[in-house]
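Each of the next two complexes has chain A plus one other chain: chain B in the first, chain C in the second.
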Partner chain A sequence: MFYLLKLIKEVELHPKFFGPNLRETLKNKLTAEVEGTVSGKYGFVAAVPDVEKYGQGKIREGTGFATFDVTYFCIVMRPLKGEVMDCVVTSVNKVGFFAEAGPVQIFVSNHLIPEDFDFNAMEDSQFVTTDESIRIRQGTEVRVRIVGTRIDATEMFCVATIKEDFLGVVGDPT
Partner chain B sequence: MSVLSPTEIPAPFKKLTRLLARSFYAQPQQSAEEPSKKKDSQKGDQAGLCIILLDALVEQGWVAEDELAASLQLPASKPLRTALQYLCKEQLLAHETHTQKRKRSAADGMVSARPEEDDDAEREQRRPGKEISLYCMDYPGLLDATQLRIHLLLQGLRDRIQDRAAELIYQCPRQDCQAVYSTLRANELISFETGEFHCEICKSVLDARLGDNVVGDDALRRQRNRDAKKLLATAESQLAAIQELVAACKKRKPCPDFGTFRSYYDARRDAAKRKATQGGQRDGRTTEAEIEIDLEGHDAAAQAQVHVPKAQPAWLRREGQKSAEAAGQELNSARTSDAAAAAPAESIQEEFKKAWLAQVKALRALPAGAAPAATASLASGDIKPDPDSEVEQVAKRSKISHEPIKVEQTGVADAPATATLPDEGTPASMPMDTCTDHQAAGALIEAGDDEDWEEAVPATTAAPKPDDPEDEWEDV
Partner chain C sequence: MPDDATDDLEVLLGAELARNEEAAEATIATISSTQQFRPPSKKRGRDVESIKESDTGNKSAGVQRISRPASARDCPPHPGFVQGMCIRCGKPRDDLEPAASANVALRYLHAGLELSKTEADRLRDESLKRVLAGNRLILVLDLDHTLLTSTKNSEIHDEQLHRKLSKMLAEQQRLPELDRSLYWFPHMDIWTKFRPGVRDFLERMHLCYELHIYTHGTRPYALEMSRVLDPQRRLFAERIVSACDSADKNHKNLDILLGVETAVLVVDNTHTVWPQHLANLLHCTSFVYFPADVPRMGGTALLATCDTSHEQPDPMLPAAAAVLEDVHSMYFAGASAAGMDARQCLAAARSKILAGVSLVFSRVFPQVMASPEANSLWKLANQMGAACSLATSAATTHVVAPCYGTDKVMWAQKHGKHVITPAWLTASSRSWQRAAEEDYVPEKPK
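Moving on to the complex of A and B:
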């Protein structure tokens, strides 16, 4: 799920940027530092749409660098237990399959795949239904429900299920 | 909660109890936590014991353990108690323990000459009384326990089939490693070459933990799943009979309940009393006749005493009254003798009228000065103070004596005399302007200054009220 948050970050700026485009430079630096990172508290920071306030710069003694307290808005993504999301299968093996939904990596264990799917290692690794009408292989779009999350300081990992009504394959690459 | 007699228990409850006894509670089971102490041969001795106990208890309310054992011709032994406790623990039976008070024998009350005997008596008293264990069927508990057990059993099987556990636990099969991982770390454990999870420490392929102490691969998991489905179908078919009975029992509301032993015992005692009183009324002896007799006696006695004059204060007494009192006493004695003879009410009234006339005549025969006042006081009870009587004279005297003092103290004749008048003893709170003659007299009586009034004090409270005969008789 996505959230819009207002956060404060201390941004350090080289003295060479002290000039007419200081604020733009600050915003670029902030975006480069924040976007794409995972914070254990808030989740994955997807974007910085706006900066609310640039604080007064303080010059550090000895280095000449200035630090600014920047108050900014950001869009964060945080997967929650019970959330249903669409994802793309990245790899299939006999213990289950891995999928990705943007920055989130998802694993669906074989005990959370319906009983009528069987693992087929003969050709391309895939889960196939007994009537061979539905296949789960690399690139398949799958709708899953998240049943467990693990968010570390640097990565997010989820365990999901497709063993429910209205979950499963929603699109095939072929 | 309704306290029932065992005969009122609906049939489905009895049938359910018997069915459960035969299905699940045939003999006491050792719980998983408790280590089994007994040998198998000893266990076999108790086979069917719980069935016998439950069948017996279904037909009874609260029953003592000893009585139960006697009625079943079982020895009151440890296996019996174990079986009963097992059934209590399974919430089929309710249990209460009562201590029977030790009966105090006659010898205990006597003081013995020797000190050792005293010690024995004390020790005997301190010894706790006999404990009695009481048991009865706990139908609400039985119904709840049965429903919960069946629900948990079926739910467990359904969960096993659906296999909805969010995280699957993986375990390293190596005896010296035994590392445990969950699917939340799948991305760290997976080896994309083999497509399997590998232990981070020893790199061996991990096994999934499928259930309680069962470790295996996907094939085993599927096999277990199929077994669970079969088991669920079997369980549902076999439990159908019990579930039907449970549904029938649930429709019967309120659920039969014997309540506590105290409430059960009280209800039984009340029922027995009611039965006894109903039986007594059929004898034909009604209490109405007794009531009639009582009323007659009371009326006669009351009528006999109606017009006995009340003791009057000395200051109201006249010579004529004294003679009237004496006449009344004579009359009273005559009437009571009449009442004692149990004459009919009409004849008593006739007698009374005659006596009344005789009394009036006697009063008229008295000297002319005293007679009118006395007759008036007796006939109407309307006693007005005679202007020449002692009361009036004393009151006037007191008034006259107050006046000079009042004028001297206040200087204003109209001002209320709220100051204390120690000489005369009038209460300070009583204003003299509002004080009537009678009140002044009363004040004097309270103060007790006048010797004549001291004698009259007890009589002042008894002002005659002939309209209210009961009040009159109270003081007689």
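Moving on to the complex of A and C:
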């Protein structure tokens, strides 16, 4: 789920940037440092749309660097247990299938896939229903419900299910 | 923004959700018949019995019938963990009792994926049923010196060889993809040469076997090789095991492939890495192409002797393909494949190599030994279907001797029988074909 947060970060700047474009440089540096990272507490920072205010710069003793406390808005994405989301299948194997929804990696084990689906590895690994009407293979879009999440500094990983009403395949890779 | 004490959506949205669910259930029953995709069932799980009844209708499709416990929310026992979370209920592993030590780590499927022993056994049986239903067995292939060989660019010291390789590469790059056998990977600084006949071998094997790669190379290397061997991901898909996925760096084990020993065969040029599965192994000759490998593997570097445009044929892969197809037809020959053991079929195929040969050993081991049958060469010859005896007779066809001059050798020369060195036996065993007797004649005395 996406949230809009207001956070404060300390950004350090080299004296060569002290000039008319100081604020712009600060914003760019903040954006570069923060966008795309995953924080254990908030999730994946998807974008920094705006900065609310720039703090007073303080010069560090010993070096010429100045630090600014920047208050900024950011859009974060964080999967929650119980949430329903759409994802794209990345690989299928006999234990289940792996999918991703942006920065979130999802695993759906075969325990949480309805019994109609059987694993077929003849030409291309996939899960197929008995009447062959629905297939889950690499590139298929699937709607899942998150059953457990694990968020750390490097990635966000979830275990999900499609064994409930209204979950399952929503698009084919063609 | 939820605080980090909970990441449960239901808690966040309050009990509201729980109350609404009851009301929704009533409406869902009426809506479900008009759903676009198959009506998701509210019943949690069918009985295992009913699944088995409908099993017989699907035998030819090679499809794995997933038999699961009646309720999916039946945790514990937790069937497995991925990144520290149970794959069925999502509970973090640290909250639970310390896990049983018999967990199978399937790192090649995904880092952090582990299955409990019961789950691994269940999946092993499922895989076996699926593969047999598709009339196939399982074949595990080694990469280096079996299907192809690679060398680092920095190890080609001879400038002339380097020029020759570059010239061959330029010619190869003009060929259609399926005819290429020489590759240069700049990002890994590696030259790779396919063994002659490898694509043909893989296509033939794909029809009767589910193929797996099991290599001691690194994972990026394994993935790159599979990308050139199998660009459409048809042959190997995700069934690639590399060095980091193997528990023991010096040995290979069938456990992590979730394969049942009676239906798996292995093709590898080294037998020391398969101490527990020698009966499943089709031990083949090593493919040595680059000179840097010669000190370690022996033989001659084919690169030095080959012609730039003309590829020397290598009989190993077609011979191996013939043996594997033979084993496959033996396995599925009976009315039902239940109870068949691929290892026995392989032994039967091995006994055809020297069928009709009757040998006598001369000056190979002391003839007054208590039990000559215990000698390793005797046993090897027997495994290949040759009859061994201590004395020459009219039925004898070959005399195995390291040199000329013995009684038995002179008898053989007089009667026009073959005289070969013991290396003929090992060569026949490795190449899975009767070796040419002319190549293994002992040295003439000076």
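The rule is short, and it goes like this: the second predicted complex is superposed on the first by the 174 of 174 C-alpha atoms of A that agree within 3 Å, B and C clash if a C-alpha of one lies under 4 Å from a C-alpha of the other, contacts with A are read in each partner's own complex, and residues count from 1 in each chain.
Criterion: a residue touches a chain if its C-beta (ideal position, glycine included) is under 8 Å from a C-beta of that chain, and two chains touch if they have at least 3 such contacts.
Computed from a prediction, not measured in an experiment: that's the story for all the values here.
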Chain B and chain C placed together on chain A: clash or fit? clash
>> Tell me the contact category for A:N21 with respect to chain B and chain C: first, second, both or neither.
In response: neither
With the two complexes superposed on chain A, say which partner A:K163 touches: chain B (first), chain C (second), both, or neither. both
| field | Partner chain in contact with A:F117 - chain B first, chain C second, else both or neither | value | second
Contacts for A:F107 in the overlay, against chain B (first) and chain C (second): which applies, first, second, both or neither?
both
I'd like to know which partner A:S125 touches here: chain B for first, chain C for second, both or neither. both
Give one of first, second, both or neither to describe whether A:K94 is in contact with chain B, with chain C, with both, or with none. both
Partner touching more residues of chain A, chain B vs chain C, is chain C
Of the partners chain B and chain C, which touch A:Y42 in the superposed model: first, second, both, neither? second
Running into chain C, out of the candidates 170-178, 314-322, 404-412 or 422-430 in chain B, is stretch 170-178
The intersection of the chain A residues contacting chain B with those contacting chain C is 91, 93-96, 98, 107, 109-112, 115, 119, 121, 125, 147-150, 157, 159, 161, 163
Contacts from chain A onto chain B in the complex sit at residues 91, 93-96, 98, 105, 107, 109-112, 115, 119, 121, 125, 147-150, 157, 159, 161, 163
The answer for chain B against chain A in the complex is residues 162-168, 183-187, 190, 192, 195-197, 208, 218, 221-222, 225
Listed in rising order, the residues of chain C that touch chain A in the complex are 1-2, 4, 7-10, 12, 28, 32, 35, 37-38, 40-42, 44-46, 51, 54, 58, 61-66, 68, 72, 79-80, 82-92, 106, 109-110, 112-113, 115, 123, 126-127, 130, 134, 210, 233-234, 237-238, 258
Chain C partner, complex, touching residues on chain A are 1, 3, 5, 40-42, 78-83, 91-96, 98, 107, 109-125, 128-130, 133-134, 146-151, 157, 159, 161, 163-170
